[in-house]
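Paired with subunit B in one complex and with subunit C in the other, subunit A is shared by the two complexes that follow.
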Partner chain A sequence: MSIILSKEILSRSLEIVEKALSRQSPLLPLKNIHFESSSQSITLSATNMELQIKVILPYEGEYSGKALLPPQITEIVRLMPSTEISLDVDPENYQVNLTGGRTRYNLFGADPADFPAVEKLAPAEGETMSLDPAEFSQILKMVIFAASTEESRPAFNGVLFEFKEDRLSLICSDTYRLVVKNVSAAGWNFTPRRCLVPAKALRELLRILDQSEDKVLLYTDGKKMAFDLGSVYFAAALLNEKYPDISSVIPQRFSTRISLNRSEMEKSVVRAALLAEAPNYAINLFVGRDAMKVRVSSQVGRMEEELSIEGEGEEVDLYVNSRFIMDILRAAPAETLIVEFNGKNGPIVFRLPEDESYLYLVLPIKMD
Partner chain B sequence: MKQRKAILLADAESFYASVEAAQNPSLRGKPVAVCGDPALRHGIVLAASREAKAYGVKAGQPAWECRRLCPEIIFIRPHMEKYLEYSLEMTRIFEQFTDRVVPYSIDEQFLDLSGCERLWGDPRETARRIIRQVWEKLGIRCRIGLGENPLQAKMACDRFAKKRADAFFELDSASYAAHVWPLPIGDLFGIGTRMELHLRRMAVRTIGHLARLPREIPARLWGVNGLLLWLNAHGIDYSSLEAGAAPPPKGVGHCATLPRDYAAPEEIETVLLELTEAVCFRARALGKMGTTVHVYCRGADFNHPSGFSRQKKLPEPAASGPEVYPTVRQLFRRHWDGRPVRAVGVSLSGLVNRRFYQLSLFNRREITDALSDAMDEIRERFGPTALFRAASLTSGGQLFTRARLIGGHER
Partner chain C sequence: MAAERSVQQDILLCDLDAFFASVEQRDNPHLRGLPVIVGGSPATRGVVSTCSYEARRFGVRSAMPTARALQLCPGAVLLPCDMERYRRVSEQVFAIYSRFTPDIEIVSIDEAYLGLPSGKGLAAAREIHRMVREELELPLTIGVSRNKLLAKIASEMAKPNRVGTLWPEDVPTLLWPRPVELLPGLGPVSVQKLKGIGIATIGQLAATPLDLLQKYFGSSALLIQRSARGIDERPLETVHRVKSISEEKTFPEDLADEEAIQAILMEQAESLGYRLRARGLLARTVTLKLRFADFSTITRDRTLPAPTDSDLEIYQTARELFALHKGRPPWRLVGVRVAGLGAGQQLALFDSSRSARKEEELALVRDRLREKYGDAVLHRARSLLKPRRKK
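The block that comes next holds the complex of A and B.
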């Protein structure tokens, strides 16, 4: 009995699921996509133990069976010449026939018995958070860039989800800078807990979020964090690493506080960064009362530029990694930014105007 | 017209042995070998006097072999500090003739006499004066090669001046081919035993054979290095003494040959810790921190080479034992095969400025820095063993032995 599916829908679903494939794995179930059809739906799932993705497509028809499909399936479907694809699975030997137009594939699928089941977590009462996908995507993008990609300290490869009663704090750092974003809503009541979600998984999630319109349900069992988008179920294994306490790092005072135009500063830093050199990509900021000088001096040459700002407090003259500054200037969703300085070796804190829920902290480059 | 360059390479004959003879005239005219303790395994010949060389004694031979070749040989223990002093003394003599003196090794120094003709006259005469002065002041025979570039000077010294009674030889672009091309290919500067073998297989037996190959052939086979060798065969060298004088170090490292084979991991780790401290000290002295650490271990059994050589990026740039050692130990524990070890080494590379660095949220570098600075100051004033780790007192410790050495030999 064949299933008839839209090529476009099947193709898009496979592209989502294959993000959880582990192509280099010696274990067949981890590099294959699990296919199952029942009388109400078709499910595609994949897992590499760190990530589980399951896509559920509504389908009315008869049972057709299940099988493990080879990873080539995504490309096969994408390159099919027709808009509809007919698919059937032989329950005896897991062979899969795919037909579209005058093209016919006979794929040697595998026994799905060894596939680690992708079961949805069952969240406790009141422990589910519901978010708008566009809003959640925006929040993640404001946070995730600060994660480290170096493997030497795995805790900093993650984003910390800190649940506390009516609030969720997202915390992300690579030890040189730190982002904190608080989200809260009436009616939330979480058991306090800290979950460290791999940034790598969240980057994959972001690509899916941007294509989704359904609400995101977010819940955890302490081992995995689940993001349920209705037709797509996405779960990431939490990092089992100790995350340092960040409360002592955020300064309560500042010596200088300015407000500046985000896009002006972005252009200026981009120009300065052309001369900044590895490994620190240092630029110099000289902050006065109503102007800030952006300067750079390297083996290539020198550059200086002045920006208008509104400031209060002491003058400050410091060095900072231009890439760290560029990251926040690109991610911040506001045209005016508040920046607080704490002397030449103290943290620089970026804030959004009239928004207490977000801060970006970056440490300068020490210069004796 | 472009000014003709006059580059000299001055080389001290049997340097360590000559210094010993200069210090103790009773050794003059006798077969002398400077050698570590003949009873220990680093008892190999470091230098042999001219008289000892006549018996076939060569640097690098073990003491027992040397005694077999020349039973009346006089063994002298090395005095590295003295040799360094003499080397500096030679530099001082050279600096009377030109401000452009570049030490190439402990016993070889380049001098640039270009443009000094009006001051000193013909460079050939100047070279002979230098040879005389070094002999009169220090009692050391030095040989000088003169060329239009460092390569020609080096070839003139190594291949000709050393064999001549007057200890001087000159090569220039016009005479280079006539003198150098008939020499066997292994005599060319830059050719090691492996490269010699490659070239001999291609029937390139003399320097002239290489010079007459189309330049594309060595360039295609060995890239830039091949091209460089071909240029060497033609006596062409574009390097200048100023530019190549002292390239900034890419890394700092220390290695130690152990007094006996170490099989206990605690003992090996003790030496690794000591080397880590020494390497960090040197990095700090250069005002640097390392971003990558490299650990090396060589197994004890020569017939079955074992050991490893691995590196790892540090979590953050560092130049202090407490920050670097955990990674060193991690590398050792992961890669050591458990077999006895004869030599170990630690090095730091990817050096970055220690006073200009990205601050970190969860690491108080100011504190470790202040501690390191204080330790450096104590060791500077009271000696390298004034402050040390307790582990250095355990059976594996090499700190006190190493503190008595320069370049692995006695002070």
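The block that comes next holds the complex of A and C.
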């Protein structure tokens, strides 16, 4: 007997699941999508050991069966000419028949017996955090850009989820800059622990979050971090790397403190960055009491412009990677930003006004 | 490192032959064998930047007005200067040099001095010559000796596309019979003066008493005599050592033309900019040096708003300094120096990572020194504190 499914729903589900495929793997189960049908639901799952994704579609029917579907299935479904698709699996030889309109596919599926089961973690009582998907997406975007894309030091390819009793701190750094974002809510009571989640997995998660309206449940068993959106279960293997202690690098004082308009500064830095050159993409900031000069000088030419700010403390004249500044200006969810300086070679700290839960720290470029 | 200077080194002067023209002929096979001139258009009173050996046969020379060059060699192919491309090729050549030694003094886009362990110079030169020919298909002349002066003369004598030596012990037989014009640094005026007192060969110059030379050449007499004897103790200006970079030029005759001075400043700024970029350095200050007809000399410097490696910014600063301090013409010498050199360094968090990176850099330097001098050369200072066992 066949299952009839909406092409749109099946297609979207496959696109989510295939993010966990490992297409280059020599192991068949890691490059195929696991399909299973029961009397209440259809589940699609994939795993590449780093990532597990499972999509559960409610479905009422009598048919049950399972098979491994080849990775082409996503494209096949997407290109089907009809709005409904009929699908049936032969339990004897795992062949899968797909029909839509006047198109028929007969796919040679594989035995699902070797597929590493994607089992949901079972969180302990009170160890689950529930977040609004839009809010969680916003938080991740404020943090994840600081992760390193170089692979020489794997710890910096991750976002550290540091659970404390009443809050979660998200920490991300590529050693040139550092982001800290604290999330808290009443009723949380965690066992303190540190989990390093690969930024790559979180980037995939972000795409799913942006399409979801269900609450996200977040929990961990110390080896994996699970993000449970109800119909989508997403689990990432934690990086087994030491993360350095960040408390010593966040300055407790500053020598200059200013407040500035985020979008004006962004436009100015974008203009300056047109002339900034590799490898440091340096621009010069000269911070006075009521104005900040943004300057750049390179092979291409020179540029200078002045921004109005409100400042206190010493004048400071420093160099910084324009890309690092652009990142925070684009990610910060506020129109006014507080920036603290600590001399020309000390850390620069960006903060949101009246919000102590977030900071972005960037180190300057030393020019002498 | 003071000890470094006392280490006997072989010095190579590597000079790419007719560099810009060679690159053009390499990349455009139909130009091979033809007289090629790279330079400015005669319409804009351009000058020859480089010309191929085929063009040189017609009497075409670098720095000659292009219009004149085309009169001498009407069949020449004139090409505009594609500096970007030449720079890229130059970097490839310098990358080959750096396989052999970390001690490289970049003189210009097509010229560099290399320091190699004593006794290894000639073999390295032959290998470099072969690699540049096979990998990059470019003609290269290498002069090999034990100091910069003799290496330079050796390359002049070997040109084009060959490896030549001029060892100090060969100076009496090979160098002394040659005319004084061959000595680098002797301009036409000096050569005339020497001929006027009956000195035509380098050997005669080497044998001339110093006090006689001093009458004619003043304070440069000693330098001239030492050159004639093949003595030169200038160290290599390698990347590690350099604190400032300068260019200066003494005119054959005093110059009163401000525009000509500006043109020279531009040339000097371009060369400085290139040398900065080749070393990955930025300069903070620009200094102008000016000598007047009465030999009085001034230097004036300016700190830039931002460190730079830009030809144009160096030029503009030098020109402004010149406009402010030019005094009364004519001028005898003009020079530009850039200092306050640094290579913008992105600071990093977490001590462990910073020291890890230092450690990596140190390892790289160590490797290169080991390749060069063998295992015994380098120890951490700490390892010297250990008591040594006597045999």
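Here are a few things to note about the model shown:
As a working rule, the second predicted complex is superposed on the first by the 368 of 368 C-alpha atoms of A that agree within 3 Å, B and C clash if a C-alpha of one lies under 4 Å from a C-alpha of the other, contacts with A are read in each partner's own complex, and residues count from 1 in each chain.
Simple rule for what comes next: a residue touches a chain if its C-beta (ideal position, glycine included) is under 8 Å from a C-beta of that chain, and two chains touch if they have at least 3 such contacts.
For clarity, every value in this text was computed on a predicted model and none was experimentally measured.
Look at subunit A after the overlay: subunit B and subunit C clash there. Counting the residues of subunit A touched by each of subunit B and subunit C gives the higher count for C.
Residue contacts after overlaying the shared chain place A:R102 against neither subunit B nor subunit C. Contact with both subunit B and subunit C is seen for A:S173 once the two complexes are overlaid on the shared chain. Contact with subunit C, but none with subunit B, is seen for A:N284 once the two complexes are overlaid on the shared chain.
Legend: residue contacts after superposition of the two complexes on their common chain; A:R295 is shown touching subunit C, with no touch to subunit B.
In the overlay built on the shared chain, the residue A:E150 is in contact with subunit B alone; subunit C does not reach it. Once the two complexes are overlaid on the shared chain, A:R253 sits clear of subunit B and of subunit C alike. Using the contact criterion defined above for the overlaid structures, shared-chain residue A:K366 touches subunit B and also reaches subunit C.
Two complexes overlaid on chain A leave one subunit B stretch from 59-67, 257-265 or 275-283 clashing with subunit C, and it is 275-283.
Comparing the two interfaces of subunit A, the one with subunit B and the one with subunit C have residues 153, 173, 175-178, 244, 246, 249, 280, 282, 319, 321, 345, 361, 363-368 in common.
Interface residues of subunit A, counted against subunit C in their complex, comprise 153, 173, 175-178, 244, 246, 249, 280, 282, 284, 295-299, 301-302, 319, 321, 345, 347, 361, 363-368. The residues of subunit B lying in touch with subunit A in their complex are 291, 313-317, 352, 355-363, 365. Against subunit A, the residues of subunit C that register as touching in their complex are 277, 282, 284, 304-310, 312-313, 340, 342, 344-350, 352-353.
Residues of subunit A that touch subunit B in their complex: 150, 152-153, 173, 175-178, 244, 246, 249, 279-280, 282, 319, 321, 345, 361, 363-368.
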